[in-house]
């Protein structure tokens, strides 16, 4: 029994200390990791969608609550007015797993600014064609009220032959982002104003 | 902050509790040493040892079924750590390396021509008919592929060449070779090995009692590697200087070259390398195994005793020799005269053996000064009796007690001890053995004018070495064949003559020897003042009775009775070897017996029982009907330089000299490098002509 | 002092991983598609090795045998996660490239192997030196393998373009078969070299 | 996704050994004899499946709710190490021959990146429970398949004419490369 007690004590202690030190490092680095993640994963997509340097946009980050879970939204401002939104969603059912997409929306014209693929694990050469601009450009200029559908379902998007799962996941993801935008437009505007006000107070003080 | 710590500690605690309980519930009683040995092993799990993994190897090591050096990756360091931990001392730790068993080369055709009836059945019945070698190397180099250590190369002759520095003794090549001509041997196995029928044994190697690998050392001589040649001899024979001088060369009788030519002068070559070592002034180092802590007492320091001491010492045992006489050497010293074997050479050779770390106690007699009980009390595990055959048969004839009558050994011994005032003017030696020859030739050198050898059979039946008889004849010793001594005549207590009866040879007895029959009324007297009886010897076993009561069994020839296959007597810890077991024999036979008994004693002391030698070669393996050697030019045999007759008489100068290096090279090239069924056809280019 | 030197140097030739110690093959194969990745992986492993050796050596008399491996591996895992976080925070691109192979440093046999073979038997200082030596040797090997594969497979070195536009890279080299074959041939070359030097190498 | 396709993909297309480079140390170490590689393969299937189930449960029911995803590596390896040690104790009691044959490779399963890799991939691919089970078993089976094929080749390789400096691990790796090349041929099989 003593032996078991010793085992438990030593292993438990080592585990505890390990966890403690990990948690410490984690709290120190969490923010920076988040920033880096935004910069490297979302940055390039944001720059393309909103046509502004990533560092300017990354500060404008919101989280909105929708019936389908929380979503991350970035916005761009030009001389105080909000002109573009970038909504990130997860498209379920890709061949290699879920596909993270980002949809750009022009709040003034209610037209789509485009679509970017943030993360996917599709088969190289087949499913990965969703990254190609020829495919993605089909989103450009579409009306924001949707719906986004494949041509054979009455929509405007041409699917990629041989990559049905991947195409469907992307469409599903972008449709989700659109409905979130349509349903939470007001919520987004409120949030932007709040954060602007917060920024202002920070600047003033 | 607290959550992660609690979660991790929780998982850790559950894991530890689980493991702890599992260890208790599924506890297996295991020798704790297994784990330790496992830690000592390198953990390569390579399977080179033959076990399924390091864990099973460790188990085998602990239960003793595997030797400490089994791991081929760990090498000697690991082996000694394991041996040290398991308390094996350093037993069994010896590098083992692979060696080829086929000398290959430009071989003779494997079938031999049968020149009898043109009939297959007849040919088959005669000896074994045409035979094909089933040993020879095929030469495609599977062993080279099998070796993971790059230790084998294919030589230009299509035979594998082994690099001992790279070989780790893993045995993959042995397993790969379909012909079984590669063996893994250590120095120890070399000593413990005896010829087997399954091996490729050249005729000379089969005939040599000591089983020296003769073609191998001749090959080394040819290549100029004299040290290697000598060490090859010393694997089997610790007394090459002695044997190079006194051995009657049974091997040369079997030499295949003698079928169409003179045999190779094997002994001259042996003497050449032995003398080469002595001329260098230093004894070549021979490997000695790690100490086993076992002690052996050897009674007697003749060739048998010395050889047993040498091999047991090399096997790592502690050896002490007990000698009754003031000097070591037994018959070599007291029986062989100076002109055949100079004492300084014998001294040098014996010193080399003793320098291996053998203790010596001189001037002590077994049964009188020390007993078996005393030896046991002093911690000796075994005793080897190598007391020789010193007692002599004496003629029960009239006048045998007169002054001037000696026995042969007694005469030679007295001379050696320098207690013999002088030999007579005219000497008669009775007997036809080597002792008789030695006594006769020694008397001549002591100043006798006339020496006669009286022998009751003819010259052909004389048991002495033919070379000795020839030398005696050269020295003008008279031979009275077919004469039997009848009585010794004397005047005032001194010998004046020997009355002999003429004999004729009768019908052969059951041994095939024709018994001499007395011719009635043929008495004649040979005038002489000294009579030396040399009619036979037997072991002096008086220690067997009072006061020790050893109760050793004796045969009816008064030799010690022992198991023929082990040389163990009826007293388990007492072994025997040499003349006291076989009756008077050759020095080389005693040397062979010394190694044989060393093997038995080694196994007896380390393993408790002596394993039989499987398929031990006892009889000559007849390769085939072999009445000619084809494609071999005849070349004359080299002859040793012999000093002239004038120099021989009156002095004890050594009669025969050593051959020089050039002659040794020439002679070594005459060797055909035989296997059982093959020989090298015109093998070695004779670049160096004898005349040049 | 000589012991220190021998411990310091053995990782560069005598026990050079993964060639001499045939350990740590997975990262050597998986992340060496470019020299940069090889270097990054090597540095990460070196970091973990030094500290894991140090900590394990300090604790070597405290840890009971039954949980030895578990404890060692927890220590190693902690260090690896720290490295993973540092990489994410400061070398994000690299951390994405190395991906799943960073957490797999935990099970890199080199680290546990050194812990078992060296750190559990030696003083903390020597163990740390051993970690440094083996780690740098590993980094060196990985960088070399990475360089070869990158040059042949993509025509670049550390991302710099080396070849002219006509050069059609062997895409095969940066895929799995190329990794195996490249490593195998390098190992063969090393063996040839050590044979030539007369060393007796035993490859397990 | 169809479970059968997932299995085929894990065994052939994305073979954990030949395409994902995981588990190479035991691959080179134990694959000299067919018998040992069979034992190793079986042990890996067993440990990998068990470990995957444990780690999956711990991840989704403990770490994710508590927001401790970053502790994943630490917890997983602890679970795997304990599991392996448990299997070792168990085998020693109930199957001595297998224990002896696997020898020191049992602890090495701990450091077999295949086991850990499968556990991590389960999370990365966000598999459900049954997907996870199928993926784990088939990935480990892919490992076993590769190691058995490879051992068979190496048994022959042992007596073939190989330049001395390429002997052993060197030629083994090149052979593995060729095997990997042939496994690439499966890549069109599932889509």
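The first chain written gets the first letter, and so on, giving A, B, C and D; residue counts start at 1 in each chain.
One rule holds in what follows: contacts are C-beta pairs under 8 Å (C-beta built on N, C-alpha and C of every residue); 3 or more make two chains touch, one makes a residue touch a chain.
As the structure is a computational prediction, the values presented were derived from the model and not from experiment.
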item: Chain of greatest Cα-centre distance to chain D; value: B
item: Chain B and chain C: spacing of chain centres that average the CA atoms, whole Å; value: 58
item: Averaged-CA centre spacing for the pair chain B and chain A, given as whole angstrom; value: 92
item: Intercentroid distance (Cα basis), chain D paired with chain A, Å; value: 34
item: Touching two or more other chains - residues of chain D; value: 29, 70-71, 74, 78, 81-82, 85, 164, 167-168
item: Per-residue overlap in chain C, given as positions that touch at least 2 other chains; value: 66-67, 70, 74, 77-78, 81, 85, 195, 203-204
item: Two or more partner chains touched - positions in chain A; value: 3, 7, 10-11, 14-15, 18-19, 22, 26
item: Overall pattern in which the protein chains touch one another (line/ring/star/complete/other); value: complete
item: Partner chain C, residues of chain A touching it in the complex; value: 3, 6-7, 10-11, 14-15, 18, 21-22, 25-26, 29, 32-33, 36-37, 39-40
item: Of chain C, residues touching chain D in the complex; value: 22-26, 29-30, 66-67, 69-70, 73-74, 76-78, 80-81, 84-85, 100, 103-104, 106-109, 112-113, 172, 175-185, 187-189, 191-192, 195, 203-204
item: Residues of chain D defined as touching chain A within the complex; value: 1, 70-71, 74, 78, 125-126, 191
item: Residues of chain B that touch chain A when the two form their complex; value: 1, 4-5, 7-9, 11-13, 15-17, 19-21, 24
item: Sites on chain D touched by chain B in the complex; value: 29-30, 32-33, 35-36, 58, 62-63, 66, 68, 71, 74-75, 78-79, 81-82, 85-86, 89-90, 92-94, 97, 99-105, 158-162, 164, 167-168
